[in-house]
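To keep things simple, chains are lettered A, B, C and D as they appear, and every chain counts its residues starting from 1.
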Amino acid sequence: MGKVMPGPAEAVTGVGDGATVLIGGFGLAGMPVHLVDALIGLGVGDLTVVSNNAGNGDTGLAALLAAGRVRKVICSFPRQADSYVFDRLYRAGKIELEVVPQGNLAERMRAAGAGIGAFYCPTGVGTPLADGKETRTIDGREYVLEYPIHGDVALIGAHAGDPLGNLVYRKTARNFGPVMATAATVTVAQVTHLVAVGQLDPEAVVTPGIYVDRLVEVGR
Amino acid sequence: MTGTVEHPDRPPLDRDEMARVVARDIPDGAYVNLGIGQPTAVADHLDPARGIILHTENGMLGMGPPAVGDDVDPDLTNAGKQPVTELPGAAYFHHADSFAMMRGGHLDVCIMGAFQVSERGDLANWHTGAPDAIPAVGGAMDLAIGAKEVFVMMALFARDGTPKLVPRCTYPLTGLACVSRVYTELATFRVGPDGVRVVETFGTTVAELARRVPVIHRLA
Amino acid sequence: MGKVMPGPAEAVTGVGDGATVLIGGFGLAGMPVHLVDALIGLGVGDLTVVSNNAGNGDTGLAALLAAGRVRKVICSFPRQADSYVFDRLYRAGKIELEVVPQGNLAERMRAAGAGIGAFYCPTGVGTPLADGKETRTIDGREYVLEYPIHGDVALIGAHAGDPLGNLVYRKTARNFGPVMATAATVTVAQVTHLVAVGQLDPEAVVTPGIYVDRLVEVGR
Amino acid sequence: MTGTVEHPDRPPLDRDEMARVVARDIPDGAYVNLGIGQPTAVADHLDPARGIILHTENGMLGMGPPAVGDDVDPDLTNAGKQPVTELPGAAYFHHADSFAMMRGGHLDVCIMGAFQVSERGDLANWHTGAPDAIPAVGGAMDLAIGAKEVFVMMALFARDGTPKLVPRCTYPLTGLACVSRVYTELATFRVGPDGVRVVETFGTTVAELARRVPVIHRLA
């Protein structure tokens, strides 16, 4: 099928300067560290990164930020105990930040993957994060109009995958991976285990292979 | 842009040959939805080595051949509610996920029957408009706007002898400008913004077709 | 936890005249026949039923229709080889029909379950099923505004469930069950097998128990 | 409507006692989300026999106590990214499903900290508005509008001595009219369309509180 890549470098080939990159993970759980490292190695910059957080410690997304490759971060929760790389860049005015409520982040990517043009959402009504956005009252409740977030590429981490691209995740490391996989033009997955076709239970596949363009086994 | 191929001296395609011609035009590795009825037969002509994966809108990727005998399982059917089988690497999902996949533009090809196709690719295949008809749309409108390419299989002429490839559909529409190829017993066509182009004829010539079907023009 | 009911009759208690009832299944796969029979036994009428089809043969939804309890059917595909009960009622003017594209049916129920007030949808643009509906062009593509479908009660069928209400399905019988479970005030599931808490793989649960109010074991 | 209970002669609640009081007010069998920080401690006071099920927005129902020693698993964390455990009957889901659950109104209670709560239940807990602060909202806005009831745990007075229960929030809002109960070291409150009602005092009296906190009124 040609989806299985020999290594992370081959898996991220083709990502261009200025791309919008969806990066999975909630903190480090589900963060595709090997793919992000490969993206750093690729040398592209001016990226817009969509991820729940803005990097933890010095690995994964934090390393990408430290390398100066990111122009803008769209996330729900940048400020954390170990988000010092982002904090420093932000305070130095070297990175742009768009804060999006976590549910909107997820739902806007789902909309991108599901062909929804926009949706009326109850989150953020009356708050600064809805400033300037269109609102509408439906059945007596106020909603904010939210638009899809598409990615040029999604980098996600999964527990196991097969050569068709079917993926399963592990515990709360599932988080954003399945949603991001649907929302990008090209989806790349790092998997702890590559298994043969037929080894994943069809009832338990979380991301069907149609959403995965490339995958690479990275081990534990 | 290659020219039209005419086979005036052979008989028109029979149903099995039509299914084979359609199958030939599906790209290797494509994700494909086969509509109810005639398109189902396309599956018989897909060599497994080509890696084409079938989607059924009732919640499955990796659909296999019809089930017979002991393999019949009432919990495993295609969109036409006929018993089918599961191939290795299959995945099941619920209806909202199945249609998100479809409407989000992830399927490469869907194949449907039609009452009429217009020269700009409008599709009419869900309702005859007859006052006593019970309307039923199923997933046709979702497929029409969702799949990257919509292939139509139909007879070129209705029972009353009028062409089904028309300047403008007179039946209620399923989708606008969505059909890219039309397969009939007498000819295959590409449909697009530039109008209709005859790809291949069977038992007739373009000149003869053009006399009977006003929208047909031979492209330079 | 009190979710496990002794029988189908107890499971459907409280459904009132005029209720909107979401009924799972794609044809008979996933159809909660025991719950529908219990609903017939309850004697309530003037129901609005939301289901993909309008009954097959003489069991399940078809039996409910035959008993004269349904005022209106909202579905995608009423007309089938064995939908004679519905066909007769419809032609006699004894039942109202609203045809909704299958993907809209699923997505509108998902919206009800997910707190979405309305959404812009690409399906049906330019067709009679979008007549009178609000449209909007977003990024050059036209969309139709669609609203949620809430149920007073959802009746669904699943393969196995635990006393917390966690459910798994079997093959394409999964279809509408997981979506409907999220979209109703009260969700009732008939399960083939009731298993102990802890017997379902947390990675493979399709409907988490939060969506299920009552369940009843019905066996094969 | 019972009257206020005053305990002027006992000390104010310590953090552990506050968590216990909150735990007592959660209905048996409720689905509950515990916010980051202080609310986490509520879990320590939930008797398993009460059947209360914890949701964590990073994709899990049935979250167990914090993980220690060999049970620590980087793939299993709570919303604060602390290692936790899984209880029998748990279920994992992705972020869009997790927030659909939240925003669709399926959680019974969420418990969050706050900078300010207004007398009509407006919540401010995501941003101090300070120019050098890095804004981070996470799931707070989704929880605020999604849970059936929002309980707030906070100190009654800010460090500068001003009350945090206010006529109108001066900090940027998280959600409008969403808080139903407030738990502080000196008193617990119900908040609603009729304003603030003191439920219980600890180490003080309603009269004394009313002098220091202008929005407090004793209801008849």
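Structure notes:
Simple rule for what comes next: a contact is a pair of C-beta atoms (placed from the backbone, for glycine too) under 8 Å apart; a residue touches a chain by one contact, two chains touch by 3 or more.
Computed from a predicted structure; not experimentally measured.
Path length between chain A and chain C in the touching-chain graph (shortest route): 1. Shared contacts of chain B and chain D, meaning chains that touch the two of them, come down to A, C. Two chain pairs, B-C and A-B, are compared here, and B-C has more C-beta pairs in contact (counted per touch definition above).
For chain B, the chain with the farthest CA centroid is D.
With centres set at the average Cα position, the gap from chain A to chain D is 29 Å. Inter-chain centre distance (chain C to chain D, centres taken as mean C-alpha positions): 35 Å. Shared interface positions of chain C, defined as residues touching 2 or more other chains, are 107, 110, 114-116, 121-122, 169-171, 203. Chain D has residues 60, 86, 92-93, 99-100, 103, 145-146 in contact with two or more other chains. Taken as a graph of touching chains, this assembly fits none of the simple shapes: it is neither a line, a ring, a star nor a complete graph.
Touching chain pairs in this entry, ordered by label, are A-B, A-C, A-D, B-C, C-D. Contact residues of chain C toward chain D in the complex are 1-2, 110, 112-116, 162, 164, 166, 182, 197-198, 200, 202-203, 205, 208-211. Taken together, the chain D residues at the contact with chain C in this complex read 29, 31, 51, 53, 55, 60-62, 86, 88-93, 99-101, 103-107, 145-146. By the touch rule above, chain A contacts chain C in their complex via residues 107, 111, 114-122, 136, 138-139, 141, 143, 147, 168-171, 201, 203-204, 206.
Contact residues on chain D toward chain A in their complex (touch as defined above): 56-60, 73-77, 81, 86, 92-96, 98-100, 102-103, 122, 127, 132, 134-142, 145-146, 172-176. Against chain B, in their complex, chain C makes its touches with residues 26-30, 52, 56, 76-80, 86-87, 90-91, 97, 99-107, 109-110, 121-129, 159, 169-179, 206.
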